[in-house]
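Below are two complexes that have chain A in common, paired first with chain B and then with chain C.
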Partner chain A sequence: MKGARVAVKDSIEKTVLNILSKAIDKKLFDVILIPIMVPAGDSYAWVLAQDKSLLDSASSLPPIMSVQGAKALSSVTRMGKTNKKIAALMRPCEIRAVIELSKLSQIELDNIFLISMDCPGVLPLKDWLKDPTKGINSFRKVIQRFVDGDPEPDQSVRPVCTICHRFYDSSAVDLHIGILGKKGEYIFFIPHTTQAETIFAELGLSFKDDISHWQNGVDEVLKQRKKKRSLVQEELKPEVIGLDKLLDTFSNCINCHICQSVCPICYCRQCYFDSDKVKQPPDDYLMRAESKGNISLPPDKILFHLGRMSHMALSCVGCGACEDACPMSIKVAQIFSLIADRSQELFNYIPGESLEEPLPLRVFEEDELHEVETP
Partner chain B sequence: MANILKISKNAEEGLRELLRFLLEKKRVKAVFTLRKINENSAVSYSLITDSEMLKDALPLFPLMPQNAGKLLSRLTLKEHLLEPTAAVVRPCELRAFIELVKRKQGSLDNFIFISTTCPGTYPLELSTNGDIWKKLPEYEMCVKEGDIVPDIRPVCQACEHFIPYSADMTIALIGKKDVDKSCEIFLNTEKAEKLIEGMDGELSEGELETKEIKKLHSKRQEKKKELFKEINVESLGLSGLIETFGRCIGCHGCGRVCPICYCVLCDFDSRDYECEPSTYESELKKRGGMRVPPNTVLYQLGRLTHVSVSCVGCGMCTDVCPADIPISTIFLKVGEEVQNLFNYIPGKSVEEAIPLTKYEKEEFAEVED
Partner chain C sequence: MEEKIGVYICECGPNIAENVDIDKVINVVSSLPSVGIVERHKLLCSEDGKKFLKQSIQEHGLTRLVIAACSPKQHEATFMKVCEEAGLNPHLFQLVNIREQCAWIIEDKERATDRATRYVRAALRRIPYHQPLEKREIDCNPDVLVIGGGITGIETSLLLAGPDRKVYLVEKTSFLGGKLREFEKLAPGMESTDKLLKHKIKNVEESENIKVFTNAEVKGVIGFLGNFIAVVKTGENEELEIKVGSVVVATGFDLFDPTKIPRYGYSKFDDVYTSLEFEKMNLNGKILLKNGQPPKSIAIIHCVGREERGYCSAVCCSYSLKFARYLKARFPDVKVSNLYTELSVPGKVYQKFYEETKAMGVDFIRAREIEIKEKVIKYLTEDEKEQNLAVDMVILTPAIQPSSDASKLAEMLKISQDEKGFFAEEHEKLGPVSTSMEGIFIAGCAQGPRNIADSIIQAEAVAGKILSSIIPGKKLEPEARTSEISEALCIGCQTCLEVCAYGAIYFDEIKRVSVVNEILCRGCGNCAASCPSGAASLKHFTATQIHQEVVEALR
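Presenting the complex of A and B:
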């Protein structure tokens, strides 16, 4: 595979933004879907930017993930395909969630051009909000450490970002921008589709350059991340294996369901666990209380988490939106990622990697999983 | 003058004893209160039928994991309680439940409400790492002195409705210097007096509203003025709202934990607010750009419209907001303004209809043409 090596001017983010701006100028896209700083300067919001001037306050690699990009894109095309050519610039985990949502009929990918960039992670929202200006500066350092190939992931990002093993391109993306490998002096525009090549060729990019520096950069970081992921998950296991441990770990959970509402994969308008099905007359609760002497209210906390897990784990992209939003600081993303990895492995399935690969639960293989059959 | 039952134990232990008495004497079938649910001291609301379990009950613990009004509504949504249940709840939680009952989202039948003169509750984040336990001595001291407890929810610091309006029993806490030795239970109803018959304790008479309570009331009023001045809702306007709610991530967590927001599927989560691509396209044509997902400020305004008349200022919304937006302050301010228009105190009396359900011909002439 080849790419286009681009010299970085000013900063990686600005370099990318300039190229996208030119793309709008030349009408190669009608709209860019990109995070733009909000008027108060304390956050970034996804904006469908048709007017080039909006890109002045945009960021191609913002310090935070306020709304998971797949959720934003889903709100645009859930009801039908767009007639505008939209280029969506998102983090790899957001792209993967987009692909999963497309398989779940929640996003129409027609006329959508997906662009991703190597991702150093994002700062937790609450940390960022303590001092947004400081946050911008500290995130610049995070990016620099990342592109320098620092083996130790920056601890200021979301915990699941520090163990992310999918921080590079999914095969399903249209164009990927590799920022690793050249310490931030050069970045690589790597097209995955002929459409990507054609479009960006109009901007003067020629995809003839060797990208092995980038590939090596990715491999180096990946090696370290995989090790760290293993380590962290091994440490986490004793906290969640067995119902007692699970109850303990989630004991602070207040059943607010915010983890579900921010999750890109949880697309149900009304979650089963909020529906009438889980609402019973008082006698039911009383009977349950009598069987053990008491019942916590709201009830069925673990059932909610296990239920959510069984519904979305195969598509979980480990973005960490859930953990970031949890008001009780429960390690939701780390726990769900642990289960997601194991269940995805069972089916050799990597969520968001390929549009063509159907969701495992939609595929019936007669010759499979013999180890769980009754002999 | 009201009847008081005085138990010679600290307030929390005394209350536990009362609950134990009610359960063991089968005066109630179950008790609803806060309980320590594991060794790591996580605290949750519990429906308790076995008096043995009461040893872990923490009825006065300064935490509100969910607004109890919402939980009592969940309990009695499908049907009213068939047997008596004692529920230990904060004044705002009781008010919220009554507002829900008015909306047919629960029933008061067979409940015995036990509340307190409420010193307030700590923000949820203090309980995530156990810090809340370290705050308890300071909490007790401020209760004794009748001071505003520092670090409690901002809306608690500004709360004027800390005396329960319709509880059967009220535990006197605020300004009671002997709260670590004595538990004073005010028996506000005949039902309450009958329930404690035969219980060990001293019966006396007294006034719930002491001068310490009046003093705290003025302190809280001052605090409220300060709090509202910080936000200055009146001067926000649309641009101010956009600034304040700009960082809102649209998780709708505020609505989910709000006791008054009882809708099973919020309109803003429904098909009604999902846009066709043509909507986006016409917005792009008009304005050159559009924030997605849309309706960030609209959700807040919508919720304000629906909730403000019954907002009890419990503060759950601010506590769960991932973007640290002072939602409860804004809702309390707007809520009070709306409620004042109708001389309405939400949850004070179940007989008082929600203003928006009543029509008065002679009203608001000042806004007519």
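Presenting the complex of A and C:
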């Protein structure tokens, strides 16, 4: 694999935005879907930027994930192909969610050009809110430390980001921007499609450079992340295995279902667990209380989490939006990552990795899942 | 109207009565809400039992019915019919299986009784949520699609076609007759194939009620017994939609590829042929060696690929005898040796055929570890002696195996294949030409190796099945317990569409929602199970109904 080595001018962000703005000038894309800092300066919003002056306040790697990018893209493509050519610049976990949603017919990728970038993680929303200016500064350090190849992840990012093992590209993107490997002096534009090569050739990029520095950079971080991931998961296991432990873990859940509404993979029009189908006649709850001695109300709190887990474990991309949004700081994303890893392993499925790989739920194999058979 | 539920417990002779304390069950459920009457009966499925049930429903003015008896697989339909006769909507009834799921599997009577009580309670908890589903009637299409224009397909078509039943015969090659066209004569009578086949092909071609498509392919089939829609790609590359009530698969066989066993020397040495190649040479009157000379010594090698395929192909021994006759008729002095591992010539006529052939001076040698070299065959005799047999021509009789497109067809028709890849019959003895899909039948070598006589018997069996089950003018009652998809809840992910085994769901591109075709839906529930939002649900197995039942069963 080859790429184009691009020298960094001012900052990685400025370098990337500069190229994108040229792409708009040359009308290679009609619009760019990119996070832009809101006028108040305390958050970022997804914007379809047609006017390149908007790119001045855009961020290729914003310090926070306010809205998962796949949700933004779905809102403009879920009814079918757009008539504008959109380039979407997103974090790898957002891209992966995009791929999953396209398999679920919630995103139409025709006319969409996907660009991903190596991701150092994001800051927790709660920390950010306390002082956005400080957040911007500390995130600069996060990026620097990441590109410098410091094997220890920066502790100021969200815990789930510190165990992320898919922070680099997926084969399903058109173009990946690698920022690892060259200490921020150079970045790598790595095309995955011929379309990417043609478009960026017009901007003077030629994809002939060796990218082994980037690959080595990724490998270094990956090694450390994988180690940390299994360590964290092993520590988490005793806290959540078994119904009693799970009940304890979710005991302070306030049933707000925010984890579901921010989740990019929860694509249902109405969540099953918000529907009347799970609301039983009041007498039922009285009866349950009578037979069990007590019942916690509103009922079925744990059922919601278990249900959501079973619905989306195979497509969970570990973006952490759920945990970031949880007002009670429940380790939702970390718990889900534990379940997701094992379920995805079972079907040899990596969500968001390839458009061709069908969703496991839709594939019928006569000879599979012997793991769940009773001996 | 006030609900009045009747509960009937069947003793099933001693089957249930001996291991479930029925009186105890009656005692518990009698006091449950809305239960109007609880009774026991010796054998509810008997004529007497059904009469009693009908009278009881009417006398007591029951609005819902729970029967605790055997498996729904056995008698649900029986009791639903009684409900109908008694004027009660059959879907306001629930059958509880206390035989297979209690009496037969739990040794301890007390535990079996406890579980039976629990199940009856669960049914009573479920039944208030039952909806009186309405039954519908649709026309049953008598027409037939026959796939494969070999002897089996031809025979089936001729038997079925008539003024009120059209047959569509789809053949992938450019001619009818299949492999038989190249056989000069048929064993054991040695009558000319032409006489039999030409006549039949003519009848097919002249029939007003058979539409033949050659160079054609079936591209898709959806539907079920009485209502299939097939897409046929014709020789002119048109795609035609054909509506039929049943489908017959008579796609024949392919030969095992002898190059897979190098020691047979096929395609390595000259003058080594497969049986079908030899039939063709014989038909063309040109049984000659590569050098243009007539053969002097010929070996017929039996059982080629039998071990690899794992079965006897049933026809090779008899056509090998026929080959010997062909050869002896053309070259009276030719030496013919049959090398076999096991000889299989069963039936009332083949023994004589075999003995007569042998009497003509044809050799039969039991041989193992056959290896074909240039003009010589090396083998081991029964007593392990190594022998060399000089021959100038070899005929291999490769195993009969499923035709190369069998898997594709099986997937399209949603019928199963057996472990060897042949289309699987519903039951080896009880349903030899039926498949796992009602309305789809298999005949001839598509189902397994067999001779022409047996293939024709199967064609006749299929015709009998179709003629007796799909009578023109007959109405069909499609399943009332179908799935439905809420337009308001569906977000159009189309997961349901992919898991539907019956092609019964389509996607409305404008509304961007999945829609169920209620005629095609068989109520399997795959869509309901896979729909994450619950937009798809199955009538009579709704979330509430199942929840209520489970809650009570687990209480």
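Keep this in mind: the second predicted complex is superposed on the first by the 372 of 375 C-alpha atoms of A that agree within 3 Å, B and C clash if a C-alpha of one lies under 4 Å from a C-alpha of the other, contacts with A are read in each partner's own complex, and residues count from 1 in each chain.
FYI, a residue touches a chain if its C-beta (ideal position, glycine included) is under 8 Å from a C-beta of that chain, and two chains touch if they have at least 3 such contacts.
Nothing here was measured: the structure is a model prediction, and the numbers come from that model.
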Superposed partners chain B and chain C on chain A - clash or fit: fit
Chain A-centred angle between chain C and chain B, computed on Cα centres after superposition, in steps of 10 °: 100
Touched partner set for A:I24, first chain B, second chain C, both or neither: neither
Partner chain in contact with A:H311 - chain B first, chain C second, else both or neither: second
Partner chain(s) touched by A:I112 [first = chain B, second = chain C, both, neither]: neither
Partner chain(s) touched by A:L104 [first = chain B, second = chain C, both, neither]: second
First, second, both or neither for A:M79, with chain B first and chain C second: both
Greater residue coverage of chain A in the superposed arrangement, chain B or chain C: B
Partner chain in contact with A:L123 - chain B first, chain C second, else both or neither: neither
Partner chain in contact with A:I12 - chain B first, chain C second, else both or neither: neither
Contacts of A:K277 with chain B and chain C, given as first, second, both or neither: second
A:Q50 touches, of chain B and chain C: first, second, both or neither? first
Shortest CA-CA distance between chain B and chain C [superposed frame, angstrom]: 9
Chain A positions touched by chain B in one structure and by chain C in the second: 79, 269-270, 275, 280
Touching residues on chain A, where the partner in the complex is chain B: 31, 33, 36, 38-40, 42-43, 45-51, 53-54, 66-67, 71-73, 75-84, 125-126, 129, 247-248, 251-252, 254-258, 261-262, 269-270, 274-276, 279-283, 285-286, 289-290, 292-298, 324-325, 327-329
Residue ranges of chain A in contact with chain C within the complex: 79, 104-106, 267-272, 275, 277-278, 280, 284, 287-288, 291, 311, 359, 361-362, 364
Chain C to chain A touching residues, read off their complex: 488-495, 498-499, 512, 530, 532-535, 543-544, 547, 551, 555
Residues of chain B defined as touching chain A within the complex: 29-30, 32, 35, 37-40, 42, 44-50, 52-53, 65-66, 71, 74-83, 124-125, 127-129, 239, 242-244, 246-247, 249-253, 256-257, 264-265, 269-271, 274-277, 280-281, 284, 287-294, 296, 319-324
